[in-house]
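Note that the chains are named A, B and C in the order they appear, and that numbering of residues resets to 1 at the start of each chain.
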Amino acid sequence: MSFLEVFQYSRIDSPLHRLDPRSKLVMVIVCSAASLLFLNIVPLLIVLSCLVPLIALSHSLGRWFKSMRGLIFLVAFIVIFNTLLSSVQYPFSYSIALALRLIALMTSFSLFFLTVQPDHLSQALIQMRVKFEFAFAMSMAMRYVPTLGQEAYAIMDAQKARGVELDKGNALKRIRNTVPIIVPLIIVSIRRALLIAESMESRGFGSTHKRTYMDRLYFRRSDWLVVAVSLVVLVFLVYVRFILGLPEWMLWQLPF
Amino acid sequence: MALIEFSDFSFRYLGSESLALRRVNLKVEEGEYLVVTGPSGCGKTTLCRAINGLVPHFHHGYVAGSVIVNGLDTREHTVAEMSSIAGLVFQNPANQLVTLNVEKEIAFGPENLGIEPSEIRRRVNDLVGLLDLGSLRDKHPHEMSGGEQQRVAIAAVLALKPKILIADEPTSNLDPASSEMILTLIAKLNREGMTVVLIEHRLDIVSKQASRLVLMNDGEIVMDGPPRIVLTDARCEELGIGVPKATQIYQRLKKRNIELPRVPLSGEELALLVQEASHR
Amino acid sequence: MIQLEDVSFSYDGVYSALVGVSLQIDDGESVAIMGNNGAGKTTLVKHFNGLLRPDHGRVIVNGVDARRRSVAELSKEIGLVWQNPDHQLFLDTVRKEIVFGLRNLGYSAEEADARCDMVLKDLHLEELAERSPFALSGGERKRVCLASVLATEPKVLALDEPTIGQDAGQKLRLARLLQDMNRKGCTVVVVTHDIEFVIENFPRTVAMSRGRIVADGKTSSVLSDSNAIALCSLSPPQMTVAAQSMNRLFPEVSPRMTALSEVEEAIVRILGGR
């Protein structure tokens, strides 16, 4: 699961961390588009070589590297399967390109999740006119994930202590054994939800449509710059890919 | 007029067959510190929720009589309207922290009521200072101890500047050190003018701080008066109330014809009273 | 009998939850384990039935190294009652809940039913037998969980924070039940921070702080020891506070009393009377 590390926000200060989530969203969309527009080794390597400095700018190279290491099995799987099964002229080359694309996409998304604080994300959504209740539901979900995780472990302990054996038996038995875990988890979550609702209601939740926000997000010059550059890059890439066409050397493939 | 006034108030939860509260009459003046106690199921939780309107607006059911808080009839005003008059702190701290950081949590209530952002910022800064929450700023609620979480929950409730602080067994899930800290905080708020209604089983800790002890059983108020009088009544033992041991000693000594000058509520008081008595 | 020999354990490899813990609980004992949050009390108890295995040291249950037995096996002898009953309730009637645990541990359907009937009677749950546990009150759900553990007739009954949120009457009933179990030969272990409950009901107390045992012995000695109390972030018992205050004014009075009757007698001696 270590490949998930690159999707976790960490509270550091970096040029990328200081940007508004909305400008980062635009940047990441463009990076993802760049990863998806090309399916050849050389262009993808160029895209990656632009992404990695961005990761460095967010002071998260170590984390990125660890995640990429965690991806090795998946990458090997993709390469092997596609080499054996695809009907393209040079299957190995194609599968390397696919693997590179996966890495580039993951790196693009990680740029967002590494540097956007969950509350800022929900504030960004609210300022982008998403209804408060939805944005808040999302941030509450993030708030309660660790709590729910701990609850699940406690439930597993309680059931193991009654003789429920979670790691034995055939596939069918194992699935049946998840019932004593899932049912209490759902019930406990519902009970908890009612208590949370009482606390929220007691503090006026949902009482007015004119809800105010203590901290608002404001675009700065750096944000406008990031958005402008991203859009220009996007237009350029689309132009190169569809209209201009890629030069010969970029279409180079491994001969197998 | 009293700050909180229950007049012949009865309530039955929807789907329940019995009354949770039966013709309750209670008056609370501003600045009082009330401790409400009684066996499980006596109606103290329902009583608390009737003050800020959760009963009957959130917990639906059948109502008779009225509850008037700061001049407002709870049947005719929403919970949101009551929230800036009576704040409610609950038993489980984790279920009261719904955001990812302390400042947002404190701001949550005022934001919900549409209060002006700079005023919210001011309240947040004041409360972080008042309740010493500065060191918790960067922690996720899950990373805080029970006592820290409960302190944040209290700050979040105080952000709405209520006149009344209602606390429903706020220390049940906390260890002894955190419990004392929270109860000391509540006593301090009371000294500064907050009207407090506290549900608590551990009378040995709170009865010294309270101005009034209300005993409930089966939906009714059975006794209501100063702690020293209520705790020496025989009904306490019948109802299974946890009378402080020092007070129990006072009664046992009385049966042995030894009369201490006053009713003690704590071990320290007991020692002083024994000294007084020994000089007579 | 449960023996822990120099047990150390860490959840994440960084922070040690238990450090060099050695403990012996003989059959028929009644022990309280106290300490502040994070002291390792619950971690300790989870080693009894194999939910956790030590990183170093050994856990020996009834003469056999626990490592050689699975959690399910150990659960036949060690019954753990959790703080939150909702962590285990998932079936549609109280009877099914109680029978579930019994069937898992290998009892036949008839045996399971018989034991279920007995425990329903003992805990006054007969009218609730066919009701859904989810519809019961908090206190009733706790009793159902207790019943499901008692039905397995464990040799060791361990309870994690059983007094939280309970009123004085409920605590008294619980204390009586535990005394009954102990009289029948069951070893009782309770993890709690309710110091008054411990003073009144448990002859032996193990005090823990930061993963270590800081005191282990007679309850009245351990809990009147100000150092142990301070290390474990506990509040001294009401009567010890009284004793200490009295001792300051009347030096002949012992500052280490814990029982109500002791303090009462001391006062009677000072003031005269019957």
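To be clear about the criterion, a residue touches a chain if its C-beta (ideal position, glycine included) is under 8 Å from a C-beta of that chain, and two chains touch if they have at least 3 such contacts.
Bear in mind the structure is a predicted one, so any value in this text is a computation, not a measurement.
Student: Can the chain contact pattern be summarised as a line, a ring, a star, a complete graph, or none of these (other)?
Tutor: Chain contacts: complete, every pair touches.
Student: Is the C-beta contact count larger for B-C or for A-C?
Tutor: Greater number of contacting C-beta pairs: B-C.
Student: What's the distance between the Cα centroids of chain A and chain C, rounded to whole Å?
Tutor: 45
Student: Distance between chain B and chain C based on Cα centroids, please, to the nearest Å.
Tutor: That gives a centre separation of 29 Å.
Student: With touch defined as at the start, can you tell me which chain A residues reach chain C in the complex?
Tutor: Touching chain C: residues 151, 154-155, 157-165, 179-180, 183-184, 187-188, 191 of chain A.
Student: In their shared complex, at which residues does chain B touch chain C?
Tutor: Listed in rising order, the residues of chain B that touch chain C are 38-41, 91, 145-146, 169, 172-173, 175-180, 201, 204, 239-242, 244-246, 248-249, 252-253, 256-258, 266-268, 270-272, 274-275, 277-278.
Student: Going by the contact rule at the top, pick out the chain C residues touching chain B in the complex.
Tutor: Interface residues on chain C, with respect to chain B: 36-37, 137-139, 164-170, 172, 193, 195-196, 233-235, 238-246, 248-250, 260, 263-264, 267-268, 270-274.
Student: Considering only the defined contacts, which chain B positions touch chain A in the complex?
Tutor: 49, 52, 54, 58, 78-81, 83-84, 87-88, 90, 92, 94-101, 103-104, 107-117, 120-121, 124, 138, 140-142, 153, 156-157, 160
Student: Which residues of chain A touch chain B once you look at their complex with the stated criterion?
Tutor: By the definition above, chain A touches chain B via 11, 117-119, 139-140, 142-143, 146-147, 150, 192, 195-208, 210-216.
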